[in-house]
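Got some structures for you, see below.
Consider the two complexes below, in which subunit A is the common component and subunit B and subunit C are the respective partners.
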Partner chain A sequence: MLDLIAPYFERLYDTTGLNFSPFYDSYDWSRLLEGMLVSVKLIAAIVAVSLVIGVIGAGAQTSRLRPVRWCVAAYIEIFRNTPPIVQLLFFYFGLGAITPQVDMGGWYEPMIGSFGWAVIAIGIFGGSYNVEIFRSGVEAVPTATTEAAESLGFSNFKIFVYITLPLAFRFCLPALTNNIVSLAKTASLAYVIAVPEITYSLSGIWSDNVNVPEMMLLLFTYYIVLVAIIAKAMALLERKLALPGYGQ
Partner chain B sequence: MTAYSVTRLTWRAPALAAGLCVAATAAAMAQQGGEARPSAVATLVIWMPFILEGFVLNLVMSVLAMAIATVTGVILGFMQISPSRIVRVPAKLITHLFRNSPWLVILFAIMFLIPFQIRLPGGDTVMIPDWVKATIGFALPVMANISEILRGAVASIPSGQWESAESLAFTRIQTLRYVILPQCIRRMMPPWMNWYALLTLMTPMAAILGVNEALGNTQAAMEAAGARPELLIPFYLFLMTIFFVFIYPISLYTRRLERRFATGS
Partner chain C sequence: MTPSENWTPDQPIVALRDVHKSFGTFEVLKGIDLTVMKGEVVCIIGPSGSGKSTLIRTINGLTPVTRGSVQVEGQEVHDGNLDKLALRRKVGIVFQQYNLFPHRTVLQNVMMAPLLVLRENRKEVEARARELLAKVQLHGKENAYPAELSGGQQQRVAIARSLCMRPDVMLFDEVTAALDPETVGEVLLTIKQLAADGMTCILVTHEMGFAREISDRVYFTDAGRICESGPPASLFDNPQDPRTQEFLSKVL
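Showing the complex of A and B:
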């Protein structure tokens, strides 16, 4: 792949001075690929964590116990109303300092690395939005449906898992798409704790080669393509899951 | 069914947040044992004014960025609904570029691509401070989103309004100015405030690029106080608390507005 495009980009650099070093230099090429891979992995992990938290939170909000509902409400308010970057630093430096270290045979490594903390911190941040999104989905499920399930002898938990959740998921897909896109963008914050995702690896490339404008162009392109792919995938999912009788 | 709605919990969430802060600082103090150095909380009290001073810059940046974003965003929004393609297509491109890129990437782009000094026509050179550049960087994504909000608000006005304005011989500009915009402002208010809150929450990112705002000052203060690990939790919690105290009333008020408009229309 690199052999194919390298001559073109080398000539481009020689003739116009546009230095797209990742497209002809094998080291920068590997950094770019690595950055893209880590970024996609990071986004997938963050979205997964935030979805799990969203479902659990939305379930807990329907709980009969008041303290449980207060805790969920407090969690939402705290994480939505404080800066995500400070949350990330708080998790990584603050909590990272008191997590146990693992003996790696001679040296000690923290149990959770920077990637792990980025997933946890940004996942929890995104989860606080997902709880509200799922809650609005759950509220959109007609009471007649849950009552019908109740009359068939479903327990509360089973109603939530088998009746409410599948319907609620469909109702909140548009809002969920927005949040996933915004989480994919927020994932670039992991730069501050040196997770080698795309922003971080490209910043390494531009400090080595002093080609900031070109790498910025690459970075903008990457994110626009990524967001387009996510939006397209979610639109496909939405069409696949569409229920007859709802929407158009 | 909606008895457990979040909006009702006006005082409990802050109380719980404060409780968490106290618990964490207590834990941090207990960890430390009886040493001669000032405790983490005492250190925090010493450095509080310094951090709050940084927070003022956050507020200045957020207000300025919001002002820039509102003006440019409204112009861009009107360009997006223009009947002329030459105006509409670039406006759409700009809106999508800045809506779909992360804040951090836009911030980097502005920081590195705007020169640190500019030459005025008179021949003098003016230095552009970092925080001004960061403000522009924060304004761009919000501008794109306000443009999109405006487009959505205009689209939500029934087309009968346009037609009746036309039958009263209003020009397009007059229709927008006297009929459409006044109704849009009402609908745009809640999302506009949401974006202000979000913008304020993003301003600490400027610390990455060396602006001395609240986060930068917090890190500098921890460094100056001896970079002790037990400082980390209380200092970051304090920083989160300042932002929470400022943002929470805004988001409560936004939610109330949203509900009022939802029932009103």
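Showing the complex of A and C:
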């Protein structure tokens, strides 16, 4: 792959001075790929955590116990009304400082690394939005529909799994897509705690090659393509799950 | 819910005694007495807001009663120890708005409860579901989604869905009220066949001609009470209660 494009980008550098070093230098190329891989893994982990929190939180919001509902409401208020970067720094430096270190056979490493803290912090941030998104999806499921299942003998659990969840998920897909795209962008904050994702990799490259504008362009392009892919995938999912004739 | 020890088929299959229901301070049912024998077809008529839906929903336990007794095959419905599942497999209900599962095909709608709730064999359930769909004239619509069907077709799916649980009693709550006039007939025909097959049916309806034709007994309700009941001929042709007279003069 690199062999194919390297001559072109080398000539581009020689003739115009535009230095896209990852496209001809194998070391920078591997740094770019590594950064992209970590970025995608990070986003996937963050989205997964935020979805799990969203489902659990939306369930907890319907709890009969007032303190439970109260905790969910407080969680949502706190994490939606403070900047995600403050949350990230709080988790990494605040909680990170008091989590135990593990013996790695001679040297010590924190039990949760920067990648782990980024997943936790941004996942919890995204989850606070997902709770509200799932809740509105669940609320959009007509009582009449769940009542029909109830009168056919479905238990509450079966109603939730087979009726409420599949319908709520469809109803909230558009809002969920927005939040996932937003989380993919927010994941770039992990840069500030030195998670070796794309921004971090590129910053390594530009400090070695002094090609900041070119790498910035690359970074922009990366996110544009990534977001387009996510949006496309979600649109496909939406089409696949669409209910024929419904809502027309 | 195994039928209570001392219930025999010659006793009422559904029996309501002095049923009261309040929503907050608003009393919707003010002492309802009603008994239905196995194989009987009973219609409940009355002005809207008189508590007909509430009444019919107490029979399968969807709406809890405030006071009084509801028994199905001798078993008290509003009793903490009731096996809800056993009640629901005995009593089917069809609603005004069909309430099908929009994310499942017609066939899946009909098969879901026997598969998930009764855990019956898939092949048997599917054969039964297809047979029921053919019976309600929906052959060929098995793989359609509810929203692709007309109201009358959806309502017939809802009937088939209830019947697939093989209930002993069917409740119908104004099942033609939301339908276009031209599809009302097909749904009424389905119910008529069901009644002819010996199914015990309790219907809330505004179709007076249909009520007169199909029922063994008609109940007229107003403001949470049963004002008058009797065989359709006498209730429709010779109503005794002034409220029944007034209601019938408006709707007939």
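Note that in this section the second predicted complex is superposed on the first by the 244 of 248 C-alpha atoms of A that agree within 3 Å, B and C clash if a C-alpha of one lies under 4 Å from a C-alpha of the other, contacts with A are read in each partner's own complex, and residues count from 1 in each chain.
Here, a contact is a pair of C-beta atoms (placed from the backbone, for glycine too) under 8 Å apart; a residue touches a chain by one contact, two chains touch by 3 or more.
Computed from a prediction, not measured in an experiment: that's the story for all the values here.
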item: Side-by-side fit of subunit B and subunit C on subunit A, or clash; value: fit
item: Subunit A-centred angle between subunit C and subunit B, computed on Cα centres after superposition, in steps of 10 °; value: 100
item: Contacts of A:L32 with subunit B and subunit C, given as first, second, both or neither; value: neither
item: Touching partner for A:I85 - first (subunit B), second (subunit C), both, neither; value: first
item: Which superposed partner A:L165 touches (first subunit B, second subunit C, both, neither); value: neither
item: Touching partner for A:V212 - first (subunit B), second (subunit C), both, neither; value: first
item: Subunit B versus subunit C as contact partner of A:E132, first or second or both or neither; value: first
item: Contacts of A:A97 with subunit B and subunit C, given as first, second, both or neither; value: first
item: Greater residue coverage of subunit A in the superposed arrangement, subunit B or subunit C; value: B
item: Contacts of A:V47 with subunit B and subunit C, given as first, second, both or neither; value: neither
item: Least Cα gap, in Å, left between subunit B and subunit C after the two complexes are fitted on chain A; value: 15
item: Intersection of subunit A interface sets (partners subunit B, subunit C); value: none
item: Complex contact set, residues of subunit C against subunit A; value: 60, 62, 84-85, 88-89, 92-93, 95, 97, 99-103, 112-113, 116-118, 144-149, 158, 161-162, 165
item: Touching residues (chain side subunit A, partner subunit C) in the complex; value: 142, 144-145, 147-155, 158, 162-163, 166-167, 170, 241, 243-248
item: Of subunit B, residues touching subunit A in the complex; value: 1-2, 4, 6, 9, 12-14, 16-17, 20, 31, 96-97, 100-105, 108-109, 112-113, 197, 201-205, 207-208, 215, 229, 232-233, 236-237, 239-240, 243-244, 247-248, 251
item: Contact footprint of subunit B on subunit A as seen in their complex; value: 61-62, 69-71, 73-74, 76-78, 80-87, 89-90, 93-95, 97-98, 132, 139, 143, 181, 185-189, 191-192, 199, 203, 206, 212-213, 216, 219-220, 223-224, 227-228
